[in-house]
Amino acid sequence: MTECIMQKMTWKEFQSKKDKVLILPVGSTEQHGPHLPLSVDTVIAEKIALKFAKQIDGIVAPSICYGYKSKPLSGGGPLFPGTIDLNGVTLMNIVEDVLEEFIKDGLTKIFILNAHFENEAFILESVDIVSKRHPEVTIIESNWWDVLSQNIIDKVFDIIPFPGWAFEHAAITETSLMMYLAPELVREELMSDENGAAPVPYAKYPIVNGMVPESGVLAPAISSSAEKGKLMTDEAISAFIDIVNKEYR
Amino acid sequence: MTECIMQKMTWKEFQSKKDKVLILPVGSTEQHGPHLPLSVDTVIAEKIALKFAKQIDGIVAPSICYGYKSKPLSGGGPLFPGTIDLNGVTLMNIVEDVLEEFIKDGLTKIFILNAHFENEAFILESVDIVSKRHPEVTIIESNWWDVLSQNIIDKVFDIIPFPGWAFEHAAITETSLMMYLAPELVREELMSDENGAAPVPYAKYPIVNGMVPESGVLAPAISSSAEKGKLMTDEAISAFIDIVNKEYR
Amino acid sequence: MTECIMQKMTWKEFQSKKDKVLILPVGSTEQHGPHLPLSVDTVIAEKIALKFAKQIDGIVAPSICYGYKSKPLSGGGPLFPGTIDLNGVTLMNIVEDVLEEFIKDGLTKIFILNAHFENEAFILESVDIVSKRHPEVTIIESNWWDVLSQNIIDKVFDIIPFPGWAFEHAAITETSLMMYLAPELVREELMSDENGAAPVPYAKYPIVNGMVPESGVLAPAISSSAEKGKLMTDEAISAFIDIVNKEYR
Amino acid sequence: MTECIMQKMTWKEFQSKKDKVLILPVGSTEQHGPHLPLSVDTVIAEKIALKFAKQIDGIVAPSICYGYKSKPLSGGGPLFPGTIDLNGVTLMNIVEDVLEEFIKDGLTKIFILNAHFENEAFILESVDIVSKRHPEVTIIESNWWDVLSQNIIDKVFDIIPFPGWAFEHAAITETSLMMYLAPELVREELMSDENGAAPVPYAKYPIVNGMVPESGVLAPAISSSAEKGKLMTDEAISAFIDIVNKEYR
Amino acid sequence: MTECIMQKMTWKEFQSKKDKVLILPVGSTEQHGPHLPLSVDTVIAEKIALKFAKQIDGIVAPSICYGYKSKPLSGGGPLFPGTIDLNGVTLMNIVEDVLEEFIKDGLTKIFILNAHFENEAFILESVDIVSKRHPEVTIIESNWWDVLSQNIIDKVFDIIPFPGWAFEHAAITETSLMMYLAPELVREELMSDENGAAPVPYAKYPIVNGMVPESGVLAPAISSSAEKGKLMTDEAISAFIDIVNKEYR
Amino acid sequence: MTECIMQKMTWKEFQSKKDKVLILPVGSTEQHGPHLPLSVDTVIAEKIALKFAKQIDGIVAPSICYGYKSKPLSGGGPLFPGTIDLNGVTLMNIVEDVLEEFIKDGLTKIFILNAHFENEAFILESVDIVSKRHPEVTIIESNWWDVLSQNIIDKVFDIIPFPGWAFEHAAITETSLMMYLAPELVREELMSDENGAAPVPYAKYPIVNGMVPESGVLAPAISSSAEKGKLMTDEAISAFIDIVNKEYR
């Protein structure tokens, strides 16, 4: 087993692994309630990426740790201090440049592991643009939530009903993942007991205070546990490996 | 009742209605199977916008009729002839410019009625940018599917199970809406009887042939009817009116 | 004769016509005095395009209905309500993206039919950029006024002297074309009897009120008629057909 | 009389003239036939600007000496060696930045003197953008040809009929102006005796060889003279002074 | 003493420190020879930032870990695998967006700590743009090398002569800093004993192999030590504190 | 010997020299103290380019005479009237477009001669982008100061100690070069006797008055002479010729 973290590799080590799958974690810097740190999305993307990479002898690229704009009903929105948002064009530029560079270095199997809901459309816009220039490279984009089975969802939401993925912000799934992946960053004693946000079928601007709970938590985190975090992590990685086996022949 | 269609108004008529709600339909030019025309998203956005406008004495702005890139698992993807995609930056620029101009003319109640799934992130990026400059203007963005109640969904999917909104492409909901709103553009005899597409929890590039059914239909259109189209149209408009009443005081 | 309007075609119909000439109408949303609607340029472009397409079994693409910035001495300028202007970059992006997509679908004969004076430089900038990438595609850009013969101009300006094309805004030619092509949108009773604008050989910014007549009409519309509209329409189409025969071998 | 050429001023001299009219010459680097240099547009803009500035104690800013893309039927087009074209966005950026900087320095009377036909739309796009931010500044854009009276045109075209301004490329007016303003750069012995170009009422891409005369001259230069150049220069400057007197109170 | 690492803070902790100095580390992902990892610039920026922050109770923002293009004679250039370069526009966009967001959150004392030579011009371009909009915010940009005294430089270059900062790439200073700040990432046994690169007073493109030593090391790393790393770190931090005391009153 | 100044050439003359080295001077419009004009950087670039071109039968392209933003400690900064700065993107666009056009015309040996310190990073960004598309073209970028030997520096700084290149603004080297290259533009009687600026190892924004001497001179100009100007000019040209001989085989 070789080193998987690109930031720890020398250029020669990196060069020797260019036939492997390169995993690019994409996170954010975004409020996650009173009990979780601003780095939740980045930490989850990075930690899952590393476990995934170890199983496939892959490479984990440096994370993109600032993400697209947090929206009220999926991340609490831009008014929380510490939520540091990129414009769409900026995220698109980063993804485009970084993909071009990995491809220039000879990588042909790229897996973008996103952990911030709002990033996806802008990541895919750049993937599309790059892919048209480099059809010989296979680029996959996925995230940890879309690959979970109903079975796992049922286990995680054993007490609290599943509120939909958009509302799973600083709630059971992210809290559990952090309890498993980075327990030192979770302050369980500060979990909010507020009710979550109420969904509305439209977007409204300007974004003002009062659209989401004051805590920034969009659904209850009660019943979170490291065990649930492990369940989700294991299944996500297992699904990612299936994708790798299917798509990168 | 005054004229609602901006394209038919003189500038003086438009000026006299600047305190009204302006509705901006956003569609696409995209394949919709063998039985529906390329303009489905634009037609639906425009026709619902007009009925909606008539009820609130609003203004229907000229439609944005080219939209963001069709994705395989929500629109069939870019490989179908007749699918004419804009880059994200382009759609963002259009929305930004048009909103700025309506605001410059004194409009303060803007309602963006989107009917193309893939447009949303890019529309909202521009709304966000414009809204930061003009916090006195209230901009709403919605679509016809997110406002439908479970009750209506149950009625529409009385025979065929609901495949999720992304897959409702050229399927029961769009076909029924077109049968109600623009029956002359529907060729019922050409409805595909293929099975729909199979969902995958990731995006893969390059986009290649074979990722979706050859017809371009992502879920069955069987059981579509003008009645179902009317049910959805009426409920959508009713929901939009509720939003207008709540948000534009 | 097959369907000519792309928005009414299914993707298979569109595919079957990809060897035909594709006509892209480009208009604007711009004040046209008290007697003509905001959509004049779009309507004229679209209606002439359709008659033209029918004669050559061509395709009429969805119109670009927001155009470049109205200037005082060719369109009345931006201060009239209802004049909704795009920035130059935005119009350039739209034209570039749309052309790229038509070319990707296999079209090789593209005819851009512009009906808004101010659009031209920006349309051609994008045509130039696209054409450098696709020299195998022939792209023509024209408009209805440059192809008219002196003979027709003399007939149209039988009473009122010809004020130059820039000033022919909401005046005899556009009014006559609308009377012929879309009479239901013309309010003859509201034709202004103001004198037109006075030309100046320079541009001045900021644009302020008072640079043009209050009505927005830059030259008299008196003596307009559907017959004159038909004369111009017929000659324009005849000229376009000559261009097509000459340039797309 | 103080120094008028900004490039010769120290910053303190410039500062002392900030209440004066600043003239920004905009030219091009473009073929002008076998008898005129690539700098014709820049030289004419600059030389007329200097004479103009001397009469009003103005400032001549450094010229923009690369211009927008030469078109076949107004400049011979891009295929002639030595025609060095800017993209539209680039020219727009230059004009925008330079205007912003002059305004930041306290200038409020800016006169853009353009001598390259194709530049105008892109200059005005930037003027519009800048002017919206700085409505207190008056910006005029003009050129030497639009201000000439019919009387002068008749004198200049005493032998050869006037072919229209677009075709006056490397022809009588430009040749005469150069004979008056920079005779050392004119090679009269190399004047082409080819016929000029034939107008067509449309633009065609790709641009190919053969659309214009091989010499690059679009209309005859025969009968050019320094006297005619002086006539035009004097009248243009006189017209510019009238504009200044009228618009900068 | 409160938490200094923003990524570990909750949004409430971050909010409580908004009067403090925010330090933004900017690094790169770039080859650093056979003995140092690709993350050298990011690690040095981040580790010094943290020590600095602890002394002033500041905040360390998430690092920008992809940087501007490596140049041959200051970073080995783009041809080494693992050197992942951003375009200038992309880095400018990131810095602009992130600064805007920190300012929106109420931060007024921002210190950009750059550790990648090539980044500087692009960082400062964005700082300039943002600063014009927010003159009330004081933004400092510095790096660890420009603040070192001649005394320290003499101590570090006790054996090897100082080759100039551009050539100090993967050489004594960076190796020593890594030995002190992240010794687990240094492979002393792989230090190259090649001679360094030879300076040339010009830039040449295209960049080709052979412009720099094969190892990617631009000057000898011999005589590096953790002690030297500590000397430089301590002096850099001391200098940064002096800047903070002087500039943020 | 043929004509070297592109602006004086006809297109046919230019065409006949396309195998020669094309030199592109890049300057600025920037304060240079009370004794030197705003055009110093442009004049120096242009005049040295011409002498250089004459020796190698090269071509001097029209100068880029507006440059990137002046910084306080290398050019006095943006607050001096007459300093007209381009944004980074604008300079990048100009360089990119102009290089593309020269290459399109068949030039393969391009030498960018920069005389404004702050331009370099942005020039090279565009050179990099263009060079990736045209690897067959050799593009060199240099300036007059980096090629000077220690011997010449010692001769020039015979009385005043060398303050570093950034501070050599309106000081001995530029004053001497102007005394040699354009003596009519130097006002020796106005040379400031202020002390120069004091270096600081960081950049601070917003840029405010008081960061540099009121005169705009960053180091003493005392002891400047045309002889020193000639020494530097001759050596720079000699070095450039060596580069040409080495790099353009």
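Going in written order, the chains are labelled A, B, C, D, E and F, and every chain counts its residues from 1.
Throughout what follows, contacts are C-beta pairs under 8 Å (C-beta built on N, C-alpha and C of every residue); 3 or more make two chains touch, one makes a residue touch a chain.
None of these values were measured; they are calculated from a predicted model.
Chains that touch both chain C and chain D: there are none.
In terms of the distance between Cα centroids, chain F is separated most widely from B. Set against the C-alpha centre of chain C, every other chain centre is closer than that of E. For the pairs E-F and B-C, the count of C-beta pairs in contact is higher at B-C. In this assembly, the C-alpha centroid of chain A lies 56 Å from the C-alpha centroid of chain D.
Inter-chain centre distance (chain C to chain F, centres taken as mean C-alpha positions): 48 Å. Rounded to a whole number, the gap between the C-alpha centres of chain A and chain E is 27 angstrom. Residues of chain D in contact with at least two other chains: 87, 89. Each chain touches its neighbours in a single ring, whose members, counted from chain B through chain C onward, are B, C, D, F, E, A. Residues of chain C touching chain D in their complex: 69, 71, 87-89, 92, 118, 120-122, 124-125, 127-129, 131-132, 135, 138-142, 146-147, 201-207, 239, 243, 247. Chain B contributes residues 6-12, 14-15, 18, 29, 31-39, 42-43, 61-63, 65-66, 78, 80-87, 89-90, 93-94, 96-98, 101-102, 104-106, 185, 187, 190, 216 to its touches with chain C in the complex.
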